[in-house]
């Protein structure tokens, strides 16, 4: 009995993926049919080429990769600084605030300043706005990595004759590679999933994939919406597949 | 004198950690400093190593003022209570680390590391990663990594504090042998009375940022703060009890 | 143990660099939020904005006097706490009762929903639960005379709650699975059994409280996130009452400057709720540390 409950649960959790792929490749799927009438790559071709979805994919990839890279670098350096700061606890608490705020409401709060500076509706503006939530998140993620041991190793290299740069190149960065990668993936996904900032700060002029999904749903075009949904799900799935061995070890003991 | 600290002052905010402290270390001698936790031992070593900024005072190495040099240019190696081996490097590469920083030729590195591994009886462990070593072995690798760059002074901050009683005693003997072999000059801080007595050629006592170095062991025994008298009375009492 | 270096932290190397860094931190983390909220407050009080005629409490009086606003807050609070409780209960049951099966299939199953953006999850929710959706089609085939109930844009917010649970439940499962191993819950329950506890007793008195206590800070944090949920209620919620983020966004999007002022009042009120939630979270953490 329990085994079956688990199987049903697992299927429910996975079901969105096959369904969205099925819908995106369905030639036509009428109500109340349980299965589409034939398959075609028409919707993929039309949306990517004529519908501008290829551009959206590139825009989203560029924005998320930039946000993740900047968030990771800034967050890692700042976490080092905060880890040894006397007001560490207070500074870290502040980091929770922007992250806990609904991004759409936060975006409306900032809209005035972004409009004044001409950043609204631009890719740099959207990147900047997303960094405002990704950066504190990265600090929270990385600060635990900067324990006394890490600082002691850094100092040890210096007493052995290395400069700060040597310590980072030979010890700190090699030891931090896994957490940096994790940080990159997580910040990438925060940006990748974002709709609040994209819709408000982007003013609909920065066509990210989430904006496209919403647009296609509004236009009652489920096939294009399914294609863009599939594009949104693919990178997280690839990241998941790439990290599956590590994750299983972590969660299954 | 290989190392001299003159009127060392160290503050953290309003808290004074070192109070115009003087310290001097003769060549090829080990000065063991006894002190309770929080007395400023670690701060003293870190200030000498250049890892903490002094408010005032001078650190002289072989008569040269190094007070304004950064840690990596002083040539003074500071060893922690924990071996702190680089977890991503094997035993050989851990020991070779200081030589690689100095860009020594590869042959030279191979030779010197091999010699060091033999001296430390670690030859068979050279390809192991740190997590495969025992506590004592790790600490020996840490010594090897420090000794290979031939530092004029070693600063040892309770280096055996994390080891079990037996290993600790082995490591103390090991250090005595190595110190003689490599003609080491070292400051050795500990809160363990017996360890201070075993390790030190000279003995000092540190309390609240002030260091007293004793002219001889007798003076150390008779100072009530070291706890030596109480310790001797205890064992003497036991001996008497046994006799009666 | 290495001795803590913490107290020598900030002024050990290049103090000015450290201060500069903290300045950058505050500039990126707190400054935009504070500046945004100050602008919202000023706008709501008639001090700035295209229609500003000097200080007025008029917008606040109007907003505070509207029962629909409070319904909206109450709805957000109910949905957020309901989803957290439901997802947490399900996760507890899953981890405690289905643990051996999860081990066999692999915990990766839980990661798949975490890779779905809320916008896509809402789209999926619409296609699964809508009256022309998958579930409705299956039920109509199986029971032709059965009228399929409204599950999206419905009065009970079943669609919104279901999709938010789908997004939250796997996260709780993963967190509890991890705690199950790190806290050695299986070992502790075995000890309980060897001391004479029944299976039910050790589950309820050992497994459940350990996992619950461990998860509590995340539950509160998720509650705060879900309180401001936007995409899912935007697509699957009702026109009235709406969840608070949807209501605020809707007022901003009207081309009526009166509405914008009201939206800013709501923003300030919403910020108050979030701050209270975060304060509660840290108060608990502090109490937990002190104990």
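When the chains are written out, they are named A, B and C in that same order, and each has its own residue count from 1.
The rule is simple: a contact is a pair of C-beta atoms (placed from the backbone, for glycine too) under 8 Å apart; a residue touches a chain by one contact, two chains touch by 3 or more.
Note that the coordinates shown come from a computational prediction; the quantities given were computed from them, not determined experimentally.
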Problem set entry | Centre-most chain, if every chain is reduced to its averaged C-alpha atoms | A
For this session: Just grab the chain with the largest centre-to-centre distance to chain B, centres being mean Cα coordinates.
Result: C
Seminar exercise, completed: The chain pair joined by the most C-beta contacts is A-C
For this session: Indicate the whole-number Å distance between the mean C-alpha point of chain B and the mean C-alpha point of chain C.
Result: 52
Exercise. Taking each chain's centre as the mean of its CA atoms, how far is chain A from chain B in angstrom?
Worked result: 48
Seminar exercise, completed: Chain-centre distance (mean CA atoms) for chain A and chain C, in whole Å, is 17
For this session: For chain B, jot down the residues that touch at least 2 other chains.
Result: 51, 80, 82, 84
Exercise. Going by the touch rule set out above, which residues of chain A reach two or more other chains?
Worked result: 149, 152
Seminar exercise, completed: Multi-chain touching residues of chain C, meaning two or more other chains, are 2-3, 7-8, 12
Exercise. Given the complex with chain C, which residues does chain A contribute to the contact?
Worked result: 2-3, 5-6, 9-10, 12-17, 19-20, 23, 31-34, 74, 77-78, 81-86, 88, 91, 93-98, 100-106, 108-110, 112-113, 131-132, 135-136, 139, 148-149, 151-152, 189, 192-193, 195-196, 200, 210, 213-214, 217, 222, 225-226, 229, 232-233, 236-237, 239-240, 244, 247-248, 250-253
For this session: Within their complex, state which residues of chain B touch chain A.
Result: 49-51, 70-78, 80, 82, 84, 86-88, 97-98, 100-102, 145-146, 149
Seminar exercise, completed: Listed in rising order, the residues of chain A that touch chain B in the complex are 149, 152-153, 155-163, 166, 170-171, 174-175
For this session: Show which residues of chain C lie in contact with chain A when the two form their complex.
Result: 2-10, 12, 18, 21-22, 24-26, 28-30, 32-33, 35-37, 39-40, 94, 97-98, 101-103, 105-121, 123-124, 126-128, 132, 134, 136-138, 140-141, 166, 170, 174, 177-178, 180-181, 221, 224-225, 227-231, 235, 244-245, 248-249, 252, 263, 267, 270-271, 274-275, 277-278, 281-282
